[in-house]
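So, here's a batch of structures to check.
Here come two complexes built around chain A, the first alongside chain B, the second alongside chain C.
And then the complex of A and B:
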């Protein structure tokens, strides 16, 4: 099993590295860049929300802060379009993390249900600020970013592709580390039963806040790349309510709290969304299809693809194992609410 | 001084309408533990229904409510039945996402039927105004407020004077215990959801009469409604009432004293301060351990 995993990962990495070189046309590469951007964002979101169980519906706030930080820094430091601008990406991430520190501290004072709503409220505060702080953000007109003139035509997407891939790999690395560390176990304990976790000595408050900040850092970097890629940012695009929901949906589709789930979700949803937008335009049909897709995923696969498949795989393994042994009552594996605790344990799989 | 008074009066009058929309949201949260982020879209749907009835059949907006309220109530029952009830685990979180999906579909349908152009409801009481102590106020503000008072009063009577109301409040206090003493919690939930959405439709009519709207207005609305119910305390009806009035008064006063662009920011900042002092909101109960 382990060897399959490693071979699979190496293969996936090689395909990802080679993709823009063999990509049939630039439009496909553009979609690939957006997909990587969203995969990284969903992974970043998952580091906090997936592991701790506190669902944030306001991560577009940090996406927007990252994007605006990128635009403002480029402007103030007079950075020309080109490779050097990419050095600002981690700085933009840090700015987003800096915003996340006080906001997370306030938002995390409450428990799960209210937390969701507070993150939405904070997202709207930042959006309003970006409209109103005209001196800094240029109001509703927004800011332009330096355009890399040297990268004409087909080449334009390629630097962005590799930078987005690098950020995605970093995000996966962080996600993997958190998932496999004692710290991550603490977060999962918070997800399962916060009071008990506290009783067992998990420092719940700081743990949640740190995860929140890490997650905002990743999402902020993603926002910076995105702003640079689309060459401009304005309040409705930087602080976009559909971004909030897109990352959540991706993580839920793939499997909340798994490492590969959010990436898988992004790989499925982002190309689909781009396709729908091209095919139907951003009008009513697009919204109806997207909404319906949303409902189908939530109602049919509330646990996501990865946990469901892992479950099935484990069941097959168990059944095979059992053929040699005397039959056992199957109730331990039934999906009723009683089996929830066993389900939870299996979600730990990659 | 007059401008200040005007801000307070319009704040209170529109606040009543927001209380109508927010009470549906907070009631549903209280009974069912779900957050209906589709409430904004449903408010707009209600406004469009009134618009449609008025434009096509020339039915007066307030009379039209006799048609739209039952329609929206049934729609609420259907949404509850098909989308909320099937959620078995992680109800609160999944409900947010599912109702968001419902909102997207409603927004898409409204975009297709009515296009994205802004519309405004028409009636004599919207264009005519009355002189109140030195400034002119459109009749609709007063009528909308009276409608809100009437419906919230009816809701109060329903909750506190009827057997059904007792079951609703029992389910709010403790779902499992309510079920144990023989209350059909699923039925109570469905009806509550329907009532919540019918209230949204009534609020939508009053909203559409005072603001130009299109399908996209729902985002702004739902952010305000969510802010209101957190401010007041989730699940608390009186909290929703107080919070709506204070939100609108603060906004209106800020916009005359300072600038309209800062109006909602001031409210949101106040919200954050309140949450620092009282994480459960003004009238909310502290969240304890739920088993």
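And then the complex of A and C:
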């Protein structure tokens, strides 16, 4: 099973690396860049919300901060269009992470629904600031980013594709580490029962805050790539509430709290959205089709694709176990009232 | 000598006085029962001792060190484990993952490492063996039966090697065979040095298992002594049968 997994992952990576070379059509590679951007954003969002169960509807704030950081740094440091601007992507992520530190500290003082409301409020505060801090953001006119004039129309998407892919791979790596580390296990325990987790020694407050910051770092980097790709940023595009909806839907569709779920969700939803926009954008029907598609999926797979399939597999396993297993070992031992037993069950070294 | 001690604890929820200058103590190495009618304050006392509730007044001491109003994670790290009346496991994690949650070490390096390291994996399997759940280790814990969840909660408290375990109604809703099994496990662990404080309504379970029994009524302790003495104590009979 493990070898199939590794082979599958290597194949997926090779396909992703070869894709823009095999299919150089700019219309297709543009969709691919947006898909990778949203896959990375959904994965980053999932590192916090998916694993801890705290649903943030304000991560567009960090997307916007990342985008604006990119634009402002390019302007102030006189960065020309080209490869060198990509070095600013991690710095933009760090700026977003810095913003997330105090905002997360405040928001995480409350739980569940109140937390959701606070994240939305913080998103609107940052959006308003971007309109009003004209000296920094140029108000509603926004900021332009350097245009890589050397890159022709056929080539323009390619560097963005590979940088977005690199950020996605980094996000997957972080997500994988979180899912498999003790730290991540603590986050998953918080998702299931925060007070119980605390009662078992999990330091819930710092754990949540660190995940929030990591998540903002990834989403900030994504915002920077996006801003550079579309060559401009203004408050309504950088701090866009539909970004939050899209990212959350992607994570839910694929499977919240899983490594592959958000990527799968982005791979399905983003190209579908782009296709519907192109085909039915003029009459607005695309929104109806998009909504109907989502409703059907939610009705058939309410927990997302990956958890639903995993659940079905688990149930089959459980049924097999119940059919084939002898009575529980515990029960077999329990007929006496404390009779001495000599098997290894008694030899627990405490 | 008292190992865990609550001195003069008072705790009110709005107008309801759940604990009123209540003092209880647990001897090191003992299995102590804590009984009383519904609403007598047993679970509140557990919550106060484990940091889930803050006291209005009074002091909690572990090994003669004040631990009053420490947060639950700090209390746990000091060596007090507990289970809940309504079992609280992590239903979306596997049985094995549940075990590892309690094995958290809060040093930086420990948190970065994988939870399924060899040493801890072995320890978790050993304890699952001890409660008879090894064959179910890869199942989601939410799929376990009620009794199995009780055993899992008991096992994952053990993985952190607590010095004292507070069991809140371990036999509640569990079939008689499992109850005997649980009593057997508690005795074994007690022989290895773990102290127990057990809240339970199943009198047969308490009287057969415990060295000493404390009785609470209306937020205060009304009696303490050996099980045989408690059976005959008029104040206890009055609390259970009176009013």
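Observations, loosely collected:
Everything below uses one rule, namely that the second predicted complex is superposed on the first by the 306 of 350 C-alpha atoms of A that agree within 3 Å, B and C clash if a C-alpha of one lies under 4 Å from a C-alpha of the other, contacts with A are read in each partner's own complex, and residues count from 1 in each chain.
Convention: a residue touches a chain if its C-beta (ideal position, glycine included) is under 8 Å from a C-beta of that chain, and two chains touch if they have at least 3 such contacts.
Since this is a predicted model, take the numbers as computed values, not measurements.
Touch criterion met: A:204 reaches chain C, while chain B stays clear of it. In the superposition on chain A, contact is made by A:116 with chain B only, not with chain C.
In the superposition on chain A, A:252 makes contact with chain B only, while chain C stays out of contact range.
After overlaying the two complexes on the shared chain, residue contacts for A:2 are found with neither chain B nor chain C.
Looking at the shared chain after the overlay, A:195 reaches both chain B and chain C.
When both complexes are overlaid on chain A, the residue A:180 reaches chain C alone and has no touch with chain B. After overlaying the two complexes on the shared chain, residue contacts for A:320 are found with neither chain B nor chain C. Counting contacts as defined above, chain A residues 195, 337 meet chain B in one complex and chain C in the other.
Only residues 50-52, 71-73, 75-77, 82, 84, 88-93, 97, 100-106, 110-116, 126-127, 129-136, 138-140, 143, 148, 151, 156-158, 160-161, 177-178, 180-181, 183-184, 187-189, 192-194, 208 of chain C touch chain A when the two sit together in their complex. Of all residues in chain A, only 55, 57, 106, 109-114, 116-118, 120-122, 124-125, 128-129, 131-132, 195, 241, 245, 248-249, 252, 283-292, 294-295, 298-299, 302, 337, 340 touch chain B in the complex they form.
Across the interface of their complex, chain C is touched by residues 180-186, 188-189, 191-193, 195-204, 257, 311, 314, 317-318, 321, 325, 328-339, 344-346, 348, 350 of chain A. By the touch criterion stated above, chain B contacts chain A in their complex at residues 29, 33, 35, 83, 86-90, 92-94, 96-98, 100-105, 107-113, 116, 219, 223, 226-227, 229-230, 234, 261-262, 264-265, 268-269, 271-272, 275-276, 279-281, 287, 289.
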